[in-house]
């Protein structure tokens, strides 16, 4: 089975899981008391946000390894990861306002968490623009690695500045030092969704990587 | 002394891959001038850049007695800052080569005098003609008294008089090197007539392949040109130019 | 180390001599800063928002935008007659080259800021007298960080088409942490709050400087070497 086929299968499984998540979220998970049905979007929003960031971190790590090993496969992976990260950032930036309208009463707020995803999105766009602007594959890979590593180091700073800035956003309720303060059934649904998004990330990246492979064959 | 061993370098990957250097090896000692002939895109500039340490080759190695400090690089671009005077340019490059400050001024004056630029030393580079700028560029390359001179298409853009003058100058430089000994000159050009007078050795380069014919012997330009054609056909399996 | 610093100084001095001789970029950046300040003055409703609330934002948007003009210049001037090729063939260390460019950029931006700050005080009537020393400190701290990143990125984009535009786009996300930090500290200074309230942001700015100056010093060689 070719790499592209594998990627297509993983994506398919991921999509089925995502459908499962929403069946579970709508039918079997309790409605949140304060936020009402709008909270359901959270199962899409938060895993996408996590993977937006994880994809950037992987782009940076691939960049570090590329500079030392000079293996073009690492660069192809970084490119794939950046494109998928961009798509996930768009998901976050669309679902955020959909949730925000009923809850905050406005489509867009300069809430720090949403803003930091917006900046990650700009970072991805800049990264992909630089890739598009350089023709020689070796130079492109080097430039992309440098920019990716800088992006990796920027992520904690975006978080720090966001943390210091006062925020309207619901505080993180799953990943925090104390035990998760989410009812068990919601947590289960959410974890299921995280698995679905992980599969989608792997599936998309594998397919994109395979396309890059045939480009250069 | 300059030696290259098994140099290989490619650009691009997949179908678009271009082999710029394909197993290039040679050794030159002081007083020798190697003229590398080849059509545009043959990999001559890549070879010079590898020798100068600007490109790290994918395989092979370059050894130069004295290392990077021993190289003087003369490209078809002058590497000069247009809004600095000739002297300021020279002083700047001298400082990059770690020359102590008190020695830079006298050294710059000496080089400028030798190249006949003494009266133009304090004019900004933008006010010089192409030929004079080229001479200033050679002065810049000589400021640290290099024992190896790399020249990439130095005759491009010069009129006949300036080109003849440059040939005389390069002939002088070959003889008078660091510490009185001769210099090693490596000259890349697409025009056989331009370099053949100066050369003690010639090499032909095409599609990364390198044929070293040493020494020159008593052959004239037309014989060299003929040898060039034969060498190219032989090494590329009958593929002709163009 | 001593040699790297000497080389860096040689590069910085050469850049500054070139800059002060032609002055095109410097004058453009200063005029640009003055224009942005003027536009801000007409682009707000003085009866609705008190100047003092908007002042830190105005100051920092002006500084960062003007600084971006400066950073494009750093490597563009090395493309003239392919001087960069000569630099790379010389024994100049890559770190020395980066630091030289960084110092020249910092001096350049400092000049723009030194002209911009009095104009800002004049136009917006902000009392900076009593907080001048800490304000200059914050300006220095924030400027170092984003100029360090900008200098690296200007080397990255110098040979691409639309280099100026691309630099702005890739630099923008990296301006966010220093910009947020600088605006917050400046707002507290103008509001007469004690410096102790800004410690978090000052630490953020300092950490950003340390991380990105070292990172850029290390990564720079990969933008110029083939």
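By written order: A, B and C. Residues from 1 in each chain.
Everything below uses one rule, namely that a contact is a pair of C-beta atoms (placed from the backbone, for glycine too) under 8 Å apart; a residue touches a chain by one contact, two chains touch by 3 or more.
Owing to the predicted nature of the structure, the values given are computational and were not obtained by experimental measurement.
Common neighbours of chain A and chain C, by the contact definition above: B. The chain with its C-alpha centre at the largest distance from the centre of chain B is A.
Overall, the chain located most centrally, as judged by its C-alpha mean against the mean of all protein C-alpha atoms, is C.
In terms of their C-alpha centroids, the spacing between chain A and chain C amounts to 31 Å. Centroids of chain A and chain B (each the mean of its C-alpha atoms) stand 52 Å apart. The centroid of the Cα atoms in chain B and the matching centroid in chain C are 39 Å apart.
The residues of chain A that reach two or more other chains are 138, listed in rising order. Annotation for chain C: residues touching 2 or more other chains are 226.
Looking at chain B, one finds that none of its residues touch two or more other chains.
The part of chain A that touches chain B in the complex is made up of residues 72, 136-138, 215-217. The touching residues of chain A, counted against chain C in their complex, run 67, 119-120, 122-123, 125-127, 129-130, 133-134, 138-139, 142-143, 145-147, 149-151, 153-154, 157-158, 160-161, 164-165.
On the chain C side of its complex with chain A, the touching residues are 149, 152-153, 156-157, 160-162, 166, 169-170, 172-174, 176-177, 180-181, 184, 200-201, 204, 207-208, 211-212, 215-216, 219, 222-223, 226.
Touching chain A in their complex are the following residues of chain B: 11-14. Taken together, the chain C residues at the contact with chain B in this complex read 3, 6-7, 10, 14, 17-18, 21-22, 77, 80-83, 85-92, 225-226.
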